[in-house]
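Next come the structures, one after another.
What follows is a pair of complexes built around subunit A, which joins subunit B in one and subunit C in the other.
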Partner chain A sequence: MTARSASAFLLVGIALFLVPNLREWMGFPVYILVFLYSTFYWITQATSWNILSGYSGYFSFGQSAFVGTGLYATAIFSAQYRLNFFLAVLLAGLITTLLALAVGFVAFRLRSLRGEIFTLLTFVVAFVLAAIAQLSSFVDGGQGRVLTPPRYPAFFGSYNDLIFRMGAIAAVIAVGAAYAIQHSKLGRGLFAIRDDEDVAEALGTPTFRYKMIAFAISGFLAGAAGGMNSLQVSYLTTDTTFNFIVPLFVILMSTLGGRNHWLGPVIGAVLIYSLQERLAGAGFADSSQIILGAVLALTILVVPEGLYVRLRAIWRLALAVFVIALAAQQVLGVFDSILTRFFVALVVVLPFVVVPPRRLAGLGWFAPRAVPPRPRPNPAPRANGRLDREAAR
Partner chain B sequence: MSGTGSGGAARPDPSPMLLDCRDIHMDFSGLRALGGVDFSAAEGEIVALVGPNGSGKSTLVNVMSGAMRPTSGRIRFGGVDITGRKPHAISRLGIARTYQIPRPFGTMTVLGNVAFAASFSADALPQREAEQRAWECLDFTKLAGVAHQLPGAINLQQRKFLELARALAARPRLLMLDEVLTGLNPAEIEDSLDLIRRIHDSGVTLIIVEHLMRVITQLASRLVVLDRGKLLAQGDPGDVMGREDVITAYLGREYA
Partner chain C sequence: MLYVQTFVTGVLSAGILTLIAVGFSLQWRILKLVNLAHFSIVLLCAYLTYDLSSRTGIDPFVFVPVVVPAGALLTMGCQWLFDHFKVTVFNSLLLTFGLFIMVEGIITDIWGGDFLRINAAISPYSTKSFTVFGIAVPLAPLIAFAVAALLVFGAAVYLQRSYFGKALRAIAQDREIATAYGVNYRRVSTLLAAGNGAAGALAGVLVAVSGAVYPTASEAWIGLVFAVVILGGIGSPLGALVSAVLIGAVTGVGSAQWGTSAAQLIMFIILILVLLWKTEGLFKRLRV
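Up next is the complex of A and B:
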């Protein structure tokens, strides 16, 4: 990560941290903070998944193993041992890092555990951990666990301000990590592993080490964010924490947004979480899963490479449509909730993203544009290697 | 990162061979692919490794590149025991290979594929310099014109040349070419032979696995014939090709 991009992430983090201070001045209600917290939470989880599974192609179905372990570990450290909450969250992250390393040590050594067998193995890990938590009275014992709100420093503000700020910090760290990895040698190695692992290894990539590092980072982010989510949960059960909805959601989010890019899971998480939340808010909680599933299946069929690639090409058009849609709702006075308006604007943009780019070719400045490749640098004078001499002929 | 069980201290090697395989056995759950093969290549040689289908050529390449661990036997490269080392460690010592069916990274451009090899080689070039070297390798293999294409958009010969460019980006001492001419038309074969000669002239030792015997005898300084996992013959291409047992193994009994 360059100093410039690092400071950009830092600035975004500081800006988000200050949002609760500006809330009353900006005039939006408290529930927006809670909504945004959950969006940040899912951004963090989807990004965590994408760092291993999106970048390297090792599809994990065990995200809930990290989430559940992180939650229970935080609960035990924080509620039972009266440890500082922030420390408890970090420790939970360390425990899930070790869990990832243990699973990876077994799974990444054997060529026979590639592909769907890896997916199955990670699923089984979540399943087994849930069963252990269920049986162990130290962890849960089938009784569930009551959580009490932790103590925290006053500068975090009200409780809602706290969870918003924690969520924002987690999301900025996770997305910043995904960005840094994508632009590093580690990221290039992971992409090569996804394309052809044997060739990557034969060209000098230490594939085992790279997969372990990616899984460890993914495990830390998922576990720590899971632990952080105990702020929003008052009663833990193994059913709700080690729930298969978690891996399903993060896979769908990353796939919808695009697994090849750090922004993909962010886009997917915003879309899917707000869709689900708005449907529930409109009283379709029961049928929301069906609508969600249908929308996703369609989008993924039409744009299998993920929305990010399309959005990058038409971002001018998408932004213009989004702003117009928001303004139109304001002028017409429809949908008084900010969230609903935001969501409606997103839905209005979606068709432009999904439509084949060539149909938008006539839109001039708003037409889809490809990112031009970096041009060839001017050959600098250099010592004559054997290949150089050949090239000069 | 250094290999497991290599037991390999870098003792000075008495043999002048760049690559030296001794008594290589390779069993696949009961199936014997290699049954005690000795094989070597001296610095600057072009060794052709030939033999009928299933004779163990590709297995031997896989063993030498570390993709497969031999059941028994020892492999030394530049005097260092590399038996059982991982492929990435072996590649960083200076052994590169190409694949029978080209295996480019499908989501990276032609340039990206070659730059990848430069940045993951022993030289560990940073991205800009890796791209600089990639451009040189693309000039060398006449692929600069398709540098920004994805591998799916270029033809078979270009994909085969991309395999070569990617292998060269690591500046290897030894390059193993696995059936690099298969599937090409006569004009493309001429082009490829010219490129292979230029690679050799630039100081790379070559091991060429090939089916096309007539072509390979023009190129190789030494011919090694495998048959059913054993060494059948080796020596000067002209002499070896005249041997009756070689003709029998290759063409069948009635031609002998």
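Up next is the complex of A and C:
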């Protein structure tokens, strides 16, 4: 990560941190803060999943293992041992890091079928952890666990300001980490693993170490963010923590947005969380599981590369349509809630993203453009190879 | 005596597990697809059996000729999706996970989240048992075990001897070379899917006959079947039967000793140990 991009992420973080101060002045209601917190939470989770699973192609179904462990660990440290909340969240993150390393140690050493076995193993780990939590009265014991709001320093503002700010910090850290990894040697190694692990290994990529590092980072982010989410949860049960909703959400978000780029999970998280929120708002909360499962299956079949690549080609058109859709709703006075208007505008943009680019060729400045491939650094000239040196020049 | 009893019950519970595992494992090794939708189809067939039998009041085994083709057709539909959209092995995981979640939601929508059980007056199998040397042998798992054993030995012999089995092994080794030598991939994969679906549907009928059905039952099967498949070696019907018996016996005795949650833990530890020391499974020789 260069100093420029690092300061850009820092600036975004500071700006987001100050948003609650401007709320009264900008005049938006409090529930927007809560909505944005949840969006940040899912951005963090999806990004955490994407760092290992998107970049390296090892799909984990065990995100709920990290989230659940993080939640229970935070609850135990913070509520039972009266530890500082922020410290408890960090400790929860450390525990899930160890969990990730243990699972990775078993799965990543395999020679064949490692991808599939890793996926099924993560699935089983979440299941078994739920069973352990059920058994152990220290953790849950089948009784569930009541959470109390933690104490926190006054500069975080009111409780809603606090959760918004925590969510923003978590999301900026996670997305910043994903950005930094993508632009580092580790990221290139992970992409090489995804493309062909045997070749990558033969060319000297330390595949086992890279996968372990990526999984550890992913586990830390997922566990710490899960622990942070205890701010919004008042009662924990194994059924509501170690379930399929978390892996479904993160996989769907990353896949829909695009697994090869740090922005993919962000786009996917915004889309899917607003969809879920509007479904619940419209009284379809019960069937949201069916709808989201269907969206995942359709995404794999129709846009397996994700929306990011498409959006990048037509971003002018998409932005124009989005602004027009928002303005039209304002002028016509339909849909009062900001969230609904935002969501409707997203839905209006979607067809433009999904149609084949050649259909939009006649739109002049708005027409899709071919995305230029990322410029790659020239290969370093090899010692005593004249031809190589000439080619590098 | 208690241990002998739980051992017998555990071993017999391997029947249903094997029936589910065989199709999953063959599809994984030969077609390079991890089909989580297989579990959904088994559960759907169980619910279908429950529904038909409870509505009409007829013995559930009468509906085998209805449910088995339904399971085969559903699996063939999934296979068509994989082939038509050229789904890779990793995308097949995500795709079928989406389908799995979807079916779970649909089942909950139609039948609700409760435990459902066919009335004992219609289906006496789940409660009936007979005693051998003082050990109760429950009837439904015994039927399941017999069906599974017959099917597994039949499949092993058939796949070893027939042209179809040879074609499957050729595809498993190298799909492109196999098709270049005249193996019709689409036909073979569809046939295999039909077989898997039929075995899964039989498992579904037996699930409905031997106990209660509920929407999240399929989640528990995934872990067990995964352990069975890894332990027995991927793509080995006989290995699946042997390892299902092993896992059934261990978890049966374990759950009598320490409770059902602990049994899952034991199963998990066995799985981890096998993954660490003997990745190719314990029964490599039994592979077709």
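Assume the second predicted complex is superposed on the first by the 362 of 393 C-alpha atoms of A that agree within 3 Å, B and C clash if a C-alpha of one lies under 4 Å from a C-alpha of the other, contacts with A are read in each partner's own complex, and residues count from 1 in each chain.
Here, a contact is a pair of C-beta atoms (placed from the backbone, for glycine too) under 8 Å apart; a residue touches a chain by one contact, two chains touch by 3 or more.
What you see is a predicted model; the values in this text were computed from it and never measured.
Visitor: Hey, is it subunit B or subunit C that touches more of subunit A?
Guide: In the superposed model, C touches more residues of subunit A.
Visitor: For A:Ala202, select first, second, both or neither according to whether it touches subunit B, subunit C, the two together, or no partner.
Guide: A:Ala202: touches subunit B, not subunit C.
Visitor: So, does A:Pro356 touch the first partner subunit B, the second partner subunit C, both, or neither?
Guide: Touch status of A:Pro356: no partner.
Visitor: Go through the superposed model and pick first if A:Gly57 touches only subunit B, second if only subunit C, both, or neither.
Guide: A:Gly57 contacts subunit C only, not subunit B.
Visitor: With both complexes overlaid on chain A, does A:Gly144 touch subunit B (first), subunit C (second), both or neither?
Guide: In the superposed model, A:Gly144 contacts neither subunit B nor subunit C.
Visitor: Between subunit B (first) and subunit C (second), which does A:Phe191 come into contact with in this model arrangement: first, second, both, or neither?
Guide: So A:Phe191 only meets subunit B here.
Visitor: A:Ala294 contacts which: subunit B (first), subunit C (second), both, neither?
Guide: Only subunit C; A:Ala294 stays clear of subunit B.
Visitor: Quick one: is A:Pro304 in contact with subunit B, with subunit C, with both, or with neither? Answer first, second, both or neither.
Guide: Only subunit C; A:Pro304 stays clear of subunit B.
Visitor: I'd like to know which partner A:Glu116 touches here: subunit B for first, subunit C for second, both or neither.
Guide: After superposition on chain A, A:Glu116 lies in contact with subunit C alone.
Visitor: For subunit A, give the residues common to its interface with subunit B and its interface with subunit C.
Guide: In the superposed arrangement, which is not itself an observed complex, subunit A uses no residue for both subunit B and subunit C.
Visitor: Considering the complex alone, what residue numbers of subunit A touch subunit B?
Guide: Its residues touching subunit B are 185, 188-189, 191-192, 194-196, 198-209, 260, 373-374, 376-377, 379-380, 385-388, 390-391.
Visitor: Note which residues of subunit B are touching subunit A in the complex, please.
Guide: For subunit B paired with subunit A, touching residues are 1, 65-67, 86-88, 91-92, 96-97, 99, 103, 105-109, 111, 116-117, 119-122, 128, 131-132, 135-137, 139-140, 144, 147-148, 166, 168, 170-171, 198, 202-203.
Visitor: Across the complex, what residues on subunit C touch subunit A?
Guide: Within the complex, subunit C touches subunit A at residues 28, 34, 81, 85, 87, 89-91, 93-95, 97-106, 108-109, 219-220, 222-223, 226-227, 230, 234, 259, 261-262, 264-265, 268, 271-272, 275-276, 279.
Visitor: List the residues on subunit A that touch subunit C in their complex, please.
Guide: 57, 59, 61, 106-107, 109-113, 115-117, 119-121, 123-124, 127-128, 131-132, 134-135, 244, 247-248, 251-252, 255, 286-287, 289-290, 292-301, 304
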